[in-house]
Structure formats: C-alpha cells, structure tokens
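Alright, structures below, take your time with them.
Common to both upcoming complexes is chain A, partnered first by chain B, then by chain C.
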Partner chain A sequence: MNRYDTIYDVMVIGAGFAGMAATLFAAERGLKVAQTGATGGIDFSTGFLDLMAVHPVAEGRYWDSPWDAIDAVIAEHPGHPYARLGKDRIRTAMNDFTSFLQSQKLEYMGHEDRNTPILTPAGTVKRTYRIPRTAWKGTEALRDKAPTLIVDFNGLKGFSGRQIVEMQHKEWPRLKAVRVDFPGSFGELYPEHMAWTLSSPDRCKELADSIAEHAKDVEYIGFPAVLGLNDPVRTVTLLEELTGKHVFEIPTLPPSITGPRLRATFDRGLAPKGVCTFSQKMVLEARRDEDGLFSFLIGVPGDARTVRAKNAILASGRFFGKGLRAERTGVVEPVFGIPVTQPEQRADWHHPHFFDKQGHAINMSGIEVNDSQQPLDAAGKVLHDNLYAAGAIQAHHDWMRMKCGAGIAIATAYRAVEVITEKNGE
Partner chain B sequence: MADILLLRRTARTSWYRWAMHTLIFIGFTGLLVFHALDDIISYPFISGYESTLDPWQWLRNLFGGMALAGVCLAVARRLGNRQLKAISRPQDWLLLGIVGGIMLSGFLLEATKIISPNVFDRMTESYFLPEEETDVPALQAYWSARNGVIFSPPASTDADLVAKGEELSANNCNYCHSDTASAFLSRALSTAISPAAQTLNTTHADEYFWYLHIVLALLALALMPYGKFLHPVATPANLAARGGSHTATPPLASAAARKLGLEACTRCGECSLHCSVAPAHAAIGNANILPSEKLVSLRKYADDGLSDHDADAFAEGSRICTECLRCTEICPSGINLQELWLSSKESLKQRELDGPNTTIRQCNALQWAEVLSAQGKSRFEQIKGNGLADKAESFWGCVQCTTCTSVCPVVAVSEAPAKDLDLTPQQIMNLLRMGLKDQTLAARMVWSCTTCYKCQEHCPQNIQVADILFELRQIATERLKERKLTACPLPAATSGRFSDTTRDIQGQGSDSEGGKA
Partner chain C sequence: MKTLSTTVLIIGGGATGTGLARDLSLRGIRCLLVEKRDINSGASGANHGLLHSGARYVASDSEAAIECREEGEILKRLAPQCIDDTGGLFVAVPGDSEQYIADFESMCARSAIPCSPISTVEARELEPSLSDRIIAAYSVEDAAVDPFMLSLDNLAHAVSLGSEFRCNARVTNLHISNGGIERVTLHDDTTGEDFQVEAELVVNAAGAWAGNIAAMAGARINLLYSSGSLLITQNRLTTRVINRLRKPADSDILVPGGTVSVLGTTSVTIDDPDKSRPTVEEADRIIDDARAMMPILETTRYIRAYAGVRPLVLAGDSSDARNVSRGFSLIDHERDNIGNFVTITGGKLTTYRLMAEKTADLVCAKLGINARCATREVPLPASTMGRWTEPGLTAKTWLGTRDVHDQILCECEMVSRSVIDNIIDTIGSEGPNRGDSMLTAIGLRSRVGKGPCQGGFCGLRVTSHLYDRGCVQSDQGVAELKNFIERRWRGFSPILWGLPAMQADLQEALYCGMMDMELCGQRPDADALGADSMQEISALGGRE
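Then we have the complex of A and B:
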C-alpha cells in the first residue's frame, strides 16, 4: 500500500522532542504512525534532557532534585503541564526515551533523583537531568575540579576555551585552555563538518598529536561537541586511547552537533519500527470528517498531498517551532485554530527589560489541554476526542527559564500515547 | 572485428540502422570488388571473369540493389524522425544523394545499354563477322526477343530467324555475355523505360548515364577526405584503434586518436537523439548543445576556425553538457565523445572561454561588486522585476542560526570556506538582509552552489536559500552577458588572497579567524 493511501492510527504533527517522543512511544505500542515536521527545537538543543531545574524563575534558583522542583512549580503554577502527569509517569517516560536512545548508540547518563551540574559553552554551570555519555566525564571533572584542559579551534565561532576558563578560574584553578588548528582545515569551521571529519581515526590521531604537549599535566580534556556524528562514543573512546586522558564534550552554541545527533538517531531508529516519516514536510491544513477521520494536507503550498489518520498528536512547539503564530492582533494556533491562552494585550507580551529575570509573559502562552492531553476550546470543552497535544505548545510553562523543555515534551507525549492506546484497547 | 565487419555497434541503437548499414556496406563493398575495381581485382585473380557474365552480372545487380535499398532506408530514417531531420545538414543529404546517384545512374546506364541498338551495333562491328546477309538480322531478332534490345524499326520476330540468331549468339556472344535477364534489376528497369526507348536510343542516353555514373563516382572519390565521406574508412579505423568496444580504455588519449575520433563521425545523429540535455536545446536553441552538432564546431574549434560568436555558442553548449556519458555509450562509431568533451572543456577553460563561471573567478568578489554595481540592473532584471534577493520578506525570518551553512556539502568540502568560497550561505543571507546584493553576486559560494537544496530544506525559517543563490548567479550572468564581459575589467587583486579583501564585507572579524592563539 502506498504511504499516501494508508490510514494511520496516529499522525504526529511535529519533529521536535515532543513529536519524536510521541512517534517513538506510539510505534513501540504497535500503532501505525505517520510523522511530519521540519527542523525545529531538537536541532538546536544542546542535547541535555532537562526535566525541571529552575524555580522560581525570577530568583533563578536551581534545584538539585528535579522531583522537588516539580512539586514546587506545580504549587505555584497549577496549570503547569507536569501537574497533570504524576511523577511515576514522568519517570517512566524519561526512561523509555533514554533507553531507546541507548539502543541506538546514543547513551544518556544521570542520577535517578537529582540533577547534575554541567558546564555550558558560556562557561557557566547549569543543572540538568540526563546528559549524553560523551559529555558525562565533564560533570566528574567539574565535581572534582580536576586538572582539565579545554581545547578549542581556530575558526570555530561561539566556543572559547579561554572564556570558560575566565568564568571558572576562581573555583577551578586547574582548568586551562588551548587553541589549535583543526585537522585538515583552516578558516571558518562548522560543527557538522567537523563531526564528519572526526569520524576518521586518522584525523583523530592528528588532533591528539596536536594537543599532546598541552595535555601532559591534566587528567581530563574537554572538547567542543564535534567528536563524531553517528557514533560519538567511538570517537571519544579513540581519543581517550590516543591521549591517555579522560575526554568529554561541551556543547557548542546552537545549532550544536548534539541536536543533529538526536535527530539522526531518530531518523535511524524510527524507520525500523514501521514509522512513516514525511521528512521536512508541514501540515498545511487539517480536516476532520463526520466519523472523526482526520485528513491532513502536507507538503508545501502548490505541492501538497493528503494523509489520513484516526488520531492526531499536535506537537508543533511554540513560535520557533511554528506551532504558535504571533500575529498583530494576537497569538494563534494555525493548524486547528485552537484558542491560545496569552496576555491580554500585545503590550504585555514582553517585560520592558529584555533580560529581566522574570522572563516574558508571552513565554507562558500556549494551548489548554485536559488530563488526557486533549486540547480544549474557548469554553473549556474537548475540541476533538481524537486530537491530542504534547510539548512546548501547551500553556503555563516557560521551558527556557524553568529548564524543563525535554521533560515536558517527553512526558506529555507519553501521556497522549497512553490515552490513545487505552482507547484503542477498549 | 565483429564491431567492424558485422557493424555490430550500429545494431545497438536499432535493428533498422543495422539493416541499413549492412545493406549499404555489403552492396558497396561488392560493387567495389567486382565492378569498380575489377581491372585490379577481378580480372587478374578470377579466371574467366567477365563483368557481363554470370554470376558477376547477377551479383552486380544484387549488390547495387542492396546498396540502393540501404540508401532508401537511410533517407526514410532522416525524413521520418523530426528531431533527426532538424539536425540533418546538406552534407548528410549530399552523401546519401551521391551514393544513391551512383547506384541509380549505374542501373540506368545498364538499362539504357540493354535497350540500345547502338551498343549492339558497336559490339557486332567489333566482335562479329557476318557470313551471310541474314546473320545480323537474325542476331538482332534473337537479342531483341531474348535480351531486350529495342531496335527501330523493331527487329523481326520470325521464329526461324530468332532460332538462327540464338545459334549465332551462342557461337559469338555467349563467351562474354550472359542473358541480360540475370541483370535482373537493370533488365526490369529497361522494360520500365522501354516506352521511351526511341528517344533514349537516338539521344545516346547510355553515354550520358555513363558520364553521370563516372562523374558521381569520381566526385565521391574526391570528397573522400572530407567529413562524412571518410566515415567508412575512419570509423573502422577508430574502432580498431580503440580496440573495438567503447568500454575498453582507449589506448592513448593522444591528439591523433582524438582527430581520428572526430573523423569517424557518421553524423547518424544517435548521440543527439539520446542526449540528456536535449531539452535545453529545445529551450535555448543553441545547436551546440547537441553532441553531433557540437562535434562539428569542435572540428572548427580545433582548427581555430570559429568566429567569436560561434566560439561562445560552442562554449555554451559545452557548459550545458553534464558529461553523462550517454553519447559516448551510444555512438555506433565508438567515438570516445566523453574524452573529446573533457579535453575541449579543458581547452576552453585555458582560453577562458568557458563562460561566467571562469570569468567571475578572475577577480575577487569585492572587485566584481564594484564593476557589477556600477553597471546597475541588467535588462533581464528590469524585465523580471524584484526577485527573491530584493525582497525583505525573503529574509526577515533569518535568525543567522548557520544551519544552512552547517548542512552545505560545498562548505563541507572546503578546507577554508572564507578563503575558498568568500561567503557562506548564512553570510550571504545576512548581506542580502542589509541590502548589499551586489556584494554577493560574485561570491564563489554563489558560483559553487550545487543546488542540492539541503540549506533550503533544513532552514528552520523556511528561507529559500538555494533559490536565492541560484537567482544571484543568474543576475550576475545576465549582467556579464549584457556587457559582454568575458574577462574581469579590473587588474587581478595584487594580494592574490581572496579573503584579505573580503574580510571587510563579511563584517564578522571574529577573533577566531586568522592568527593562531
């Protein structure tokens, strides 16, 4: 059967964290899944899986335990997506998600009940829940303040070892930096190309040789996250063998290679599960017939085709993901026209000071859903009984400041699939 | 050998072509051996050979018939295929005309000889000693009845006389003459023309046909060294030189081998019928896009015989070629066209005739920006109106995230994008945002883009990056064309380092570029 003739159990609209998670969970439960979506949040993410770290945002208070942070945030924002989920479900969702990644050679590490501090490319420290294995040793180096060398490259913008050392030197005196030429290149460098280059053992050898002198007196070496694309653990292990030191990666400024790694992992891993991916395609229009069957027009204007599905999960993100659109008169949800909770006036969208710690009211806007992740209309009623939503498109959270992006996306996607599966079983 | 003698390669495109070639080839060779060169070959080597004896007389008709049939097939092929008809040149028709003419005049000659009493008289005067008064009329009666000579007034049909004539003929003529019936085609032709026998005989038409036949044959001989007339020699020679099959690596890519290849073209047009960029020819109309036509220009180009205008057309055709190898694969003569194109492209490049792609690389992007912006919009741009690159809407979503640059395979293979490509895709978008379109026109990124569309597909903001790059290239090309610029009007940058001068237009002077820490 042609992929345009099939009637899918679920159409997932979105290819960010929420879309990928929903697709994965649904496919693992034996549902026939179609997925659409273009480049979005996941391609720009630093690759850490944030669960919940900061509350209240105005204070910028970091929590060691994400679970305590969830309790705290729910207490203040009862509409927060986590309030509807329950910790057990959130935990299971995160574990299912990371075990899939591990099965695809993208292993994640972390503590069961607490966040782990880790260096950002700016040289600050943030706390997050799950960390790619290739970055994990960085958390140990940071914890022990071990003698560490940060390597950066001529031509790679937005990653400066010197800046990291500047930011950290008070607490971490044995941290130092060196800048070298990237093997085989000079001039401007871009992470994706560097990652390809370092998939070659010969280039790794050149790299190891070029820093050997500087790494004599350290235990750890930190690189920008460009150590291979498809199998970074292999590259890291090889560099450890070549240098005799512990090696870790620090994500570069977005777009960092850690995002494309996640996407590539899903591209590799979802197809064998029978998922039909309409890659880089957008849903232009959604229609629903009397029996509730959805027809989606997907593609680009002028070159679009119809795909049908019994259920839909809307995981189209917020503004950058294009799930919400800011128009002159207000914020709209373009696919289904779901009402968007938002500040009353446009003037209230942003705080007068861009860097104000409170954040901006617009970043708490989004759609309303019920306990089953079903979007609600203006009257608070379920819009369609076979339409679900997951991820950043939901209102009452500011993932950017609360550090809860991946967590919300994965856990709400899990819940949506759970409800669909239960209904299917009836 | 199979390629040459059985003309195997012609069968690769169609059986029709094989049949046509085989007919002409066998017919012509047969005639050459048993007729045209019979003084040299047949008389000395075949005892008892006589052109008017069987089986030779019969064979000559057979061969001639085959060749003529082949020519007819060839004409029908050229007329029947519209594309082929369009690219057929006078030369192609001339060859077919001459070969067909030789055959036809040969048959007419033989036919008019058959019916001619003059020829009969000449023969009897030379070879026949009549003993009785009725001997000549008897011979006439027999030849008229049996061999189709048409006398005026008509010879007697008296049976006794014919019988006597038969006897005389047997004793005097049959050493050298088989029945004209065995010249089956000429005899049939003679019957066909018999109503006009009177005029033909009195005007000595056979002599005219003889001249025609000889002149055409000499003409063919004289034209042998030129173009297509040489192909029966050059093509097998080329095939032999290449070891027959096209897949064998050519033993030498020497100038001589190339020359041989050029001569081997039979102008069958198969390459052009199979050319993958033939649609471009349909759109642009430049005949040099088609391999068979480009080959004609190439011969002239090799002799420096192309005018500037024709050289440009040849260069354009060469540029459009994608080197897909189809023409080489299909060529029945086994010409290594691919190698010819590669070497001619190389030569065009050396002579800086290969178009804007080379022209644009002669100066750096800043110098070109000066030249092209001073020139202002080309007519093409004025007619077309604002394009993507002129409209703010095209870029206002750009967040300079570098995704386009990150996924770009051209940037990926460049060791130093700033030096090799001047600007990366996202930098070009940035310049356009700032209204600096002219500064981007000659950036080598624009000219190296393979339009793979990865940038455009991956752009999170749906910016038409690839379309914009393509548009920039088109704008620059049109401006160069309008001013007929085939070279940079400014002296080449003295520094020789592109990046030194482009540094200021990138406006990103980051500390990570250049000097080592």
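Then we have the complex of A and C:
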C-alpha cells in the first residue's frame, strides 16, 4: 500500500509546535500517523520553550514559578487551555517532549519549578521554562552579571552585540561586545549557512582566534545562534575548548537557526517512528465519510490527493499558521468550519495601542474544545467524536503575552493523543 | 534663553508653509520656518496625493475648479519631478445621478476644464480593473503629486536662498505687546530646550492647528476639523486617477502613487486635530462604497490606512466671504489688533502655491516691501532631500553598486544599509533639526516601514544598525522602535484581515512572544505623537 492508500490512525494537521508534538506523541504510542502542514511557527522559534510566565497580562506580572502561574491563570480564566489538562499531565508532556529532543542531540535545560531569565536578540530579558543547552550558559552569565563578551558579525543583520550591551549596561557593567568578520565569508550572512560553516572545526578555530584578543578578560562569550546545525552542542563544546571560556548562543531574528534546528530534529527523529509526513502540503478539504473516517484532500489546488484517517488532530495554529482565517466580516476556521469564539465586531479585535498591556481581544479568540480536546459546535456539542484540536487554535489564551505557547501546544497535543490512545484500546 | 531673529517667522512645515518659505525667499525675504514635528506631518502628508484637474469641483465651486486647473498646469510645468502626470477618468455606475452625468461635460466647459467623453469599452481597455457595469466615462487631466518631495523641494530651495528651518520645534507662546507679536517662544522637543524668535512678521501656516496658534495670540479662528481616512493598496491598481462621476462624496477617488494606489476618503468631524486616526469602520465603509466602480477593491490586499485633518474655516468668523468660496482663508490679524500676524489655512494641496503667493503678497504689503511673486515662472529645483522616498530607487541603487557588503535592511522596499547610512549622515548634518526619533526620521525620509511588513522586520534591523552606529544609547533605540511600531499600528490595525492579519500575528509573536517588548519600558503613547501623517504616499517616478 502506498502512503495515499493507507488508512492512518491519526492525521495531524499542522507542522508547528502542536503538530510536531501530536505527531511525536502519537507515533510513540504506536499509532500510524500522517502529518501535513507548511512551514509553521517552529521555523520562527527562538528554541525556548515557554510554559507560563505572565499573569495577569494587564499587569505584566512575571512569575518565577510557571506552576503557580498556571494555578493563577486557571483561577481567573477557567476557559484557559491549561484548565482542562492538570499540572501533572502538563509536566509529563513537557518532559516527554524534551526527552525526545535530547535523544536527538537537542538537549534542553531548565529548573523544574521556576522560569529562567534569558537574553533576547533585542537585548531585553525574558523568562522561559526550557532552554537549549547551547544557550544555557547565557542564563548563568546573566544571573551572575559575569564578565561577558558578546560577539557579532559583519554581514549578519538584525543582531547587534552593541544593542544588547546598551540595553543591559546599567545592570551588567561587565558586558561588552565586539564585531568580527565571519570565518571564510564576506557580504551578507545567513544563520543557516553560518551554522553549516561552523560545523567545521577549522572554521571554529579561526573564529576563536579572531576573538581571542577581545575575550582575554571575560568568563563567558555569547554568540548569535549560529553555532552548528545538527549537533550544536559539539560546536559549542569545541569553542569552549578553543577559547577556554564558557560559550552560549543568543537567538537571532528570523530567519534563524534555532527554529530550523527543531524542525530538523523532528524530521530526523520522526521518520524512524514510521510517521508519514506530507511536508509542505496543506489540507484543502476535509470530509467525514459515512463509515466515520476522515478523507482529506491535501496538496495544492489542481494537484491534490486524498488521504484517509480514523482520527484527526487539528493543530493548524492561528492566523500566521492559517488555522484561523481573519475575514473582513469575522474569523473562521477554514478546514472543518468549526465555530470560532471571537469579539462581536472587527473594531473590537485589536487595542488601539499595539503594545498595550491589555493585549488584543482577538488573541483570546479561537475554537472551543472539551476536556478531551474535541472541538465543539455552536451548541456546545462535540462536532465529531474522532476530531481533536491542539495548540494555539484553542480559544481563551494569549500565548504571546502569557508566554505559554510551547506549553499549550505540547500539553494539549499530549492530551489529544492520550484520549485517542485510550479509545483505541477500548 | 537663546534668541533667533528673522524677518518672517513661518509656523508650520506643510505644503503651504514650505511653499511660502520658498516664495518669500525668492522675493529676497529671509524666513525661519518652524515645525512642531517634521515636514508634512499634518494634512500635507496625509492626503490622496491628487493633483486635481478641477473636474471634481465643476458642479460645486467653479472658481475652485479654475484654480485647480491653473495651478495644476503650473506645477506640471515647473515641478515635474514631483508629479506623475497620469491623467484621470471619471466613471459612473448604475444608480449614479443621470442628470449629473449628462451635465458633466458642459460644467467642465464652463470652467474650461479639459474633459472628453469616452466609451465605457474604451475606459475598460484603459483601466481593466474598472467595473464592467460602468455606464459613463470621461477622460480628464488629473495627476498624482508626491507631497513629500514637493514640500522638501520647496524647503530645500528656500534654504539655498538663505532661509532656515527647525523641525521638532513647538510654539509655546506668542508674546503680544503694542499691537503686535513681540517674540515667539518655542520648545525644542529633541533637545528639551526652550528658545525664542523675534520676527518682523509671523505667519501662522499651521493647517489644522492654525486655530490653536491663533488662540495663543488671543485671536479666534473658527475651524472645523474634518478627519479623512484613506487606504493604501499593496499594488498599483490603475494607471490613472479614477474618480466616481457624481457629486463629491466619500470614497470616490483612487489615486496611483508609485507602486501603490490610495483609496478614499471619508469625512468625519472631530473636535481635536490631534485625535485623527483611521478606524475599522471607516476602512469598511470606504471599501463597501468604492467597490461599485472597481470590484477588485473588495479582494485586494491593503497594507495600511491613514488619516489626515482638513481644516475647514467656518464662514461665521471670516470678514471676507470671498475667502471661503476660494477654499482657503488668508486672515490679516490686524482685525484682532495684531498688526504683524497673518494666518493662512484651509485650501487644497493642489492650490498650495497660490495660497503661498497670496500670503506672500500680503506679507510684502504689510512689510512695505515691493517684490513680485516668482513661483509662477521659476522652476522648482529638484533637491536630494526626498530622494529615498522614491519607490524602487533604493533597490536600483543597491543593484547598481553591487557592493557585497551592503545589506538590505528593509526587504519589502529593498532599502539597503548604505541608504540608511546616507540618511543618517544627512540628518546628522542637520544637527538638532532632526525628528523626534532617529527611526521615525529615517521612516519619513525613506520607504522603511512602508511595505507589507509595516516595520515588523525592518524596524528591528534598522534599530540594531542605529545601535551599531552609536546613534542611540541605552534603551533609547528600543524605546524608539516601540514608538515606531506604535505609529505604524495606527494605520495597520484598521485593515487586519486576510494576509495583513497574518502579518500582524507574526509581528506580535516577534515583539511580544519572542522578545517581551510589551513588558520593557513604558508603553509609547501613540496619541501623544500627533496626528497620523507618516509618509504614506509613495514618491513618484517623475524624476526618471
């Protein structure tokens, strides 16, 4: 049987964090999984995994403990996706997710019960739950305000060591920056190409040599996240040996390598688990047949084929991911036509100020689901008993302001797969 | 307090103020122009960019129609670098007044406005985006004008003739004694310093803010503020200006501007010119109305909305009714017992030169100077001040040099680092006259932030570059970036459906989700940043 004739246990619609997590969890439980979706949110990711850090959004209150923050947000927003999951499950989901990444050489660090402050490419500090090992030393340098050198490169736009130093200098006087030429390159630089280049130990040596003079009096060296593609820890370790300093990465603006690293890790790790990936293909149409199976038309108009599955997990994200479509007259869910909870009129979607701490009402919009992550129709009834939804498409959260994007994606995907697995066993 | 002295102090750096500075300078009179924000930051920077043939006014105001025709001819001849001589069409759709359609040609003839009837088939051949339901069409001599290049060229010429200007300088008081303005105090918002100006004569060319300035002198001008919103499409939809063939109303003009088209406008009365901003409701209204003449407007991608304030002078307070009918008001404040104070407001972009001429005539009469207006004959020299506002020029320059080290910082509009450096150097040489923020000033002088990303990416990249160059310190650059994004948001938020909604989602994911910028520093107060007036209309290719 070819991949179009197979009847899959689960079709995962979406290739962002939620889609990847759902695919991973389903494959690990032995389900036959198909996955579709174009380049998603992962490709724009910092590589940090946010769990929960800010509540109430309007007060901009940061929480040290993501778990306490989850309690607080559930108390005030009972519709929040976390309210349907339970902390133990969320914890297990996050741990399973990072264990998989670690097994694929993308190790994550963090504290069990608290968020960790870390530098962003703008020079601001954000708090997050899980951090790639290659960035971890940066949290120590920031915590200790240790003598640190930020290295940036001629030709890499949107990343300024000087900006980070200027943003931090009041708190962190022993932070300094230097700009050097990237080994063996000139002109405009792109993180992916740089990461490939630095997979070569010779180039790492050249890089270490070019900054040696500037790094004499520091303990840490921070680089834009370009230190290797498939095995960045190896590159970081090599640079630490070459320089004799602690080395860390700071995410760059998209296009970056931190997101593609995650995607590459999934591509590597999911294929051996038997996952069938229809990559860069979109679901054009979904139909539930009389036998209860889903038929999906996937591809591009004019070149589309049908794929069938017993269950579906809708993990198509929000507007950027195309899971929700904003039309002039309202927000719709384009694949299944699931009703979308939203402000009454478009004039209420956004706050007049982009940075207002209230956030934008549209961000709390989305589809309604029950405790089993099954989407509900306008009457509050389960739409299809074999359809589930995971991630940002769910209503009643503002992942960007609450800093809970990865957590919601991973934990809701985990729960959806859990329910499917339980039913399968019946 | 530092004191500057000049012959004529001009308050307001819009089309009228800069046009007046040039007119007076050509007559040998030294001027100092002060502007509270930046050049064209009021209505002169937030209009259609339409150089009227006059046809729009043939029914309601034949005198204004004639003025437009005459001024349009002069500008096409003397300032071709600012003008894209597109031509225009007036088209009617079912339901439009058949009487108006029938009378249109003779009304145009009455004001000697060139106008030729063409078949609806021919109209659709010329402009395929027109509705196949149009029932009448006329060809007229409308054109598109780049108001930024126009004002910057006027100012540059005035400066080359010995006049001066200061941006970001806000008038705080007009000191009256012995029946005249003795001195004017100002606050420099860039340096935070106060300074004063002594002038023989003060001209209030503050546009919609003219009433506020006059009030400082104890004079009263009865102004009505009409806020008008416009939409910018991502692509240029027509070659020509398209007008609806009906009595002037909302949403009936589409003007090409370089690579985009501008659609509008609305008319909403507001009580404070600083409170003009485009709304979701207006964006919807414009599209719902205008799609009758061009159905493509329903599905086209919009990249931005913006709003400007028309200052309408109410007849009640005007001693001269003629002024009202002419569309602009020239007020000699002798009537308020202030001998050396003149206000010029109202009017249209198309007639800015005439407004400047009449004002300069009055100024000369009051100063006892015998000098004739030269702006009807002397060509407006093209300056380099506004050159980077021209769509495509930055990309061409970048391709032309093929400097591998020169990066594109704004990918939507292909603005390279060397162009940004060029602008920074220009602003630097202007010293304290730069705008209230380096990033905003760069935005005003280039296409940065004008493309579909609306600053989402280029804002971050240019900010990093400003840090690299040492132009901003500490958290100032990020604060300016937040300001910049907040200003773009005013025009971005009304059109957030379809692709722009996805773009906005990504922008928030970057700024808030990734970098927590909503939590750092103060939220910039976009309302306090003045009227919506960023440079929206692309500069035109007339220089080619």
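Note that the second predicted complex is superposed on the first by the 426 of 426 C-alpha atoms of A that agree within 3 Å, B and C clash if a C-alpha of one lies under 4 Å from a C-alpha of the other, contacts with A are read in each partner's own complex, and residues count from 1 in each chain.
Convention: a contact is a pair of C-beta atoms (placed from the backbone, for glycine too) under 8 Å apart; a residue touches a chain by one contact, two chains touch by 3 or more.
This is a predicted model, so every value here is computed, not measured.
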item	value
Chain B versus chain C as contact partner of A:280, first or second or both or neither	first
Partner chain(s) touched by A:188 [first = chain B, second = chain C, both, neither]	both
First (chain B), second (chain C), both or neither touched by A:254	both
Which superposed partner A:320 touches (first chain B, second chain C, both, neither)	both
First (chain B), second (chain C), both or neither touched by A:44	both
First, second, both or neither for A:121, with chain B first and chain C second	second
Touched partner set for A:157, first chain B, second chain C, both or neither	both
Partner chain in contact with A:400 - chain B first, chain C second, else both or neither	second
Which superposed partner A:350 touches (first chain B, second chain C, both, neither)	second
Where chain A meets both chain C and chain B, residue numbers	44, 154-155, 157, 160, 162, 179, 186-188, 254, 320
Interface residues, chain A side, partner chain C - complex	41, 44, 46, 50, 54, 60, 62, 120-126, 154-155, 157-160, 162-163, 166-167, 169-170, 179, 186-188, 251, 253-254, 318-320, 322, 325-328, 345-347, 349-350, 352-357, 359-360, 363, 399-401, 403, 405
Touching residues on chain B, where the partner in the complex is chain A	401-403, 405-407, 411-412, 414-420, 424, 457-460, 462, 499, 510, 512-514, 516-517
Sites on chain A touched by chain B in the complex	38-40, 43-44, 153-157, 160, 162, 178-179, 181, 184-188, 190-193, 196, 254-255, 260, 280, 320
Complex contacts: residues of chain C adjacent to chain A	277, 279-281, 284, 287, 404-405, 407-409, 417, 457, 460-461, 463-465, 467-468, 470, 472-475, 477-478, 482, 485-486, 489-490, 493, 496-498, 501-502, 504-506, 508-520, 523-526
